[in-house]
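Per-chain residue numbering starts at 1, and chain names A, B, C and D are given in the order in which the chains are listed.
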Amino acid sequence: MSTSRKRPYPLAGRTEATPPTVITFADTELTIGGEGVTIIAGPCSVESYEMLSETAQGVRASGASLLRGGAFKPRTSPYTFSGLGVDALEMLATVRAETGLPVVTEVIDTRLVDTVAMYADVLQIGARNMHNYALLSEVGRLRKPVLLKRGFAATIAETIMAAEHIMTQGNMQVIICERGIRSFDTATRNLFDVAAIPVLKQETHLPVFVDPSHAAGRTDIVAALSNAAIAAGADGLIIEVHPRPPEALSDADQSLSLAEFDALMRGLRPFVQAAGRHLVMPAPAPRPTQADPVS
Amino acid sequence: MSTSRKRPYPLAGRTEATPPTVITFADTELTIGGEGVTIIAGPCSVESYEMLSETAQGVRASGASLLRGGAFKPRTSPYTFSGLGVDALEMLATVRAETGLPVVTEVIDTRLVDTVAMYADVLQIGARNMHNYALLSEVGRLRKPVLLKRGFAATIAETIMAAEHIMTQGNMQVIICERGIRSFDTATRNLFDVAAIPVLKQETHLPVFVDPSHAAGRTDIVAALSNAAIAAGADGLIIEVHPRPPEALSDADQSLSLAEFDALMRGLRPFVQAAGRHLVMPAPAPRPTQADPVS
Amino acid sequence: MSTSRKRPYPLAGRTEATPPTVITFADTELTIGGEGVTIIAGPCSVESYEMLSETAQGVRASGASLLRGGAFKPRTSPYTFSGLGVDALEMLATVRAETGLPVVTEVIDTRLVDTVAMYADVLQIGARNMHNYALLSEVGRLRKPVLLKRGFAATIAETIMAAEHIMTQGNMQVIICERGIRSFDTATRNLFDVAAIPVLKQETHLPVFVDPSHAAGRTDIVAALSNAAIAAGADGLIIEVHPRPPEALSDADQSLSLAEFDALMRGLRPFVQAAGRHLVMPAPAPRPTQADPVS
Amino acid sequence: MSTSRKRPYPLAGRTEATPPTVITFADTELTIGGEGVTIIAGPCSVESYEMLSETAQGVRASGASLLRGGAFKPRTSPYTFSGLGVDALEMLATVRAETGLPVVTEVIDTRLVDTVAMYADVLQIGARNMHNYALLSEVGRLRKPVLLKRGFAATIAETIMAAEHIMTQGNMQVIICERGIRSFDTATRNLFDVAAIPVLKQETHLPVFVDPSHAAGRTDIVAALSNAAIAAGADGLIIEVHPRPPEALSDADQSLSLAEFDALMRGLRPFVQAAGRHLVMPAPAPRPTQADPVS
């Protein structure tokens, strides 16, 4: 039938008639997908309440409407900092209560999905776990948005199929995130596949995000990649920001300072407009008395 | 010394103090590099005078200010169409005389450099010949601009070094062109390395162009890649356009129709503005009596 | 200290003085690592008791000394055959009891590690899960050998680091398996990185295996890749064999028939000798009365 | 017709009925292709008569039957040593006269083909020039063997097509040489695609060689890659050897000493035998009075 979604992705695929998926958040105007462009920002890892709160206030003031922050970090070496775990989740919830920014954090273990989901507003599946089908199924049982990062060497088709794995479990709120793939040139940490954005927009109705920080691996080109992502049709960005990047416990080379992030956001606005879109504004900060560490 | 250009590219490298190279064309306002964004368009191959003239009139009307067209085509198979050779060069010169559009055409053999240079305003070195140092030296002896395409699997550093090969022979008018590199995903013909643009802009003072047609290998995303290229800081684009793409003798899958190119240009303008730049206008068409096949 | 193992792999790394890890199996002469070359063979997926038993008898007769067979299959699409699960584990145990061949099977979920470990003699971590650190840690708590496959786009260093993740949990019996990485040429399914073998042998004391079936993705070159692997210093191979490849439910294109596997083994022997090594013989088949589905 | 050669390579392709191409050299027993395995060795660049002569005597004694040596070197940077040119060609001819070893040397410019052909017994097309069709055509007009190296990022199909370019000009004596392709892992200089050997042997009747030196980029694994190449079916090897590698003006990291080359050759013989083949012996050294610098 001509209006059926495209095989081989019966759930994630689209035809011209399929409306875009728009993800909403209870009690706010915040959206992901559709007409708006939504910015997620925050530190690679949650290192302390203080740095998280400072970062959240800063990125909110510059126009970010969700807060990222790693609690459980997948690390190549078992001997490097792997996150503060549940303590970090608590800090994220506290800072959400302060700022009104929904939080995005990664889950790396099927057994921790319920715990992370108790705190997170959006669960992230990292590039290293895009092919971890047990984990995809487990977040598929939730009814919370999932930010799914493309694997290091995953094709676009495999990435959509990973979204399909989540969706077959009933969770239709999937955001696909391009973050660069492996290539031979060491000038950048990964090779940002900007063409994946229009290809994904043609193939699927899901929101398409970009992580310019991991794509670049160096701060000096993050703004240029952000502009390019929006010009190519991305629905949003997820950007690493740290109040004092040289002190960051992870991804120091690619984390923007608050001032750099503010400059990026100012430079981004004309491109959002050129794309015929608008920046999604952060939700109003809750009243102080509403603070509640666990949502 | 702090104002010296960066090693290991004494000629192509830049420091913060190095002004950008701006290429000019005699008797016109046309520029490549600097503040403006310059668009080159035309067919993959020159197939006949009629199709070339029709294409040139069309792309000029939409805002292209130089005409591309292949006369000598490097082809993977020795059994496919390899261009009309000198006849094509003559047609390019005739159409230049009609439209005022300077012509860009590829040279693939050291022994043909003088012949091609007699007709071309800009000589193109194709991706397959980026490491052909004999050819780089030979075009280095000219005093005409060279559009140097990045090789299939060349690093950014190697690409700048290829420009350096040309410049050591005295020709300082080199345009570096990103056109996608080889990768594992067959969704696009090549993988457009949009991050190469800001990296190149940091490393060199030379103009940086993008060929979104070869990067994409499919027409439906050429406009999105063009927008992304400008947003990332490119100084111009070189785009394949054919009056009847299905009939094209080469690159039919990636050639835009004149209407598609016109739509692309209309969509591009807001991004050029967002980048704080302007589109370089085509030179006025010469008076009819000035037609002269060889410049 | 000169005899300490190499950083940054304190457990997996080696110096010239470190002896190679040799994995043994209770009550048999079977070894993995050291002087011998050990062959694992069997179907991609366990499809039935009959086909598994037929395959096991066949590969044992040709010189394989362990049996592979997938019970839980990670599949790119959620709509394709994903294995028979625990039923397949039961069949593997039954066939082990018949043939004396220890069984190698993949685990893809932390929550299934204990179940799989109850049946398997060697647990496989597939390429898709090489960066799944939760799973690596979980198999690290076992005291059973783990066959760790290199990720699609993992560097050699990252692969050794994944082994280190397992070993930090106390399980020192890790076999590293090269199986090809992603590249741009579609002539083979993956690009077999034969150079990884001598590099791994220099960097680590762990046994190094090769999966020529997944590297090739086509049967006609599996034997050539097997010979090359042994010549480059591999300690063993894991090869897909199916009694009737065209009927295979997965990996039909790369599964050898029993006759093809027998021919491969006959062709391999001279290369094992040329390498100054010997083929590890299968353990004797147990007496019929010893059959016990769960070891 | 069932006996016709395979399309799309009418000249380079093969069917099961096509006999392998065997290249012979006048007045000697020397062959390339067919049953024997032929070893080419020598320095990356010819640096002086003395070092070339010393290398030639050494590699001949160890079993090499042709001498390699660069006279014109394609170099990424225009500021590095680019060979001694015609002087190096003269030295090659002198050493050939002394040792009886035919010489293999690279040509990088169409205008130098006749000059290089006057001295060389085999002309090499380097990886950087595999897509330089003007150069391919020019060596196609010769009636001397051409060693054609696979490009950095050329597919196997494109490599055979480059051979076809040469053969359409009438020169049927083409040797295809795998030398590693670009990949993301920096553990080796290039990624040696050992699977290309059996694929090439299936697709074409031309001899297939391997350059393990450029593939590895490090001396410690050249012998392992050489053994693997022969086990996979290669017809020969081309290996970089220098009498004092640390002093080499180019490729110092990957050049074997004479002692290392001798050890490699001793280790290689059992693999040549295991492959059911024999090492092609060097031609006898000519009588001293025959010395003549230009053949």
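Quick note on the criterion: a residue touches a chain if its C-beta (ideal position, glycine included) is under 8 Å from a C-beta of that chain, and two chains touch if they have at least 3 such contacts.
Since the structure is predicted, the reported quantities are computational estimates derived from the model, not experimental observations.
Using the mean of the Cα atoms as each chain's centre, the chain most removed from chain A is D.
In the Cα superposition of chain A onto chain B, the rotation angle, rounded to steps of 5, is 180 degrees.
Rounded to whole angstrom, the centroid-to-centroid distance between chain B and chain D, based on C-alpha atoms, equals 36 Å. Annotation: 50 Å between the Cα-based centres of chain B and chain C.
The multi-chain contact residues of chain B, meaning those touching 2 or more other chains, are 153, 181-184, 186. Taken in their complex, chain C has these residues touching chain A: 8, 74-79, 108-112, 128-129, 131-135, 151-154, 158, 161, 164-165, 168, 181-182. Taken in their complex, chain B has these residues touching chain C: 182-184, 186.
Listed in rising order, the residues of chain D touching chain C in the complex are 153, 155-157, 181, 183-188, 191-199, 202, 215-216, 220-221, 224-225, 227-233, 270-271, 273-275.
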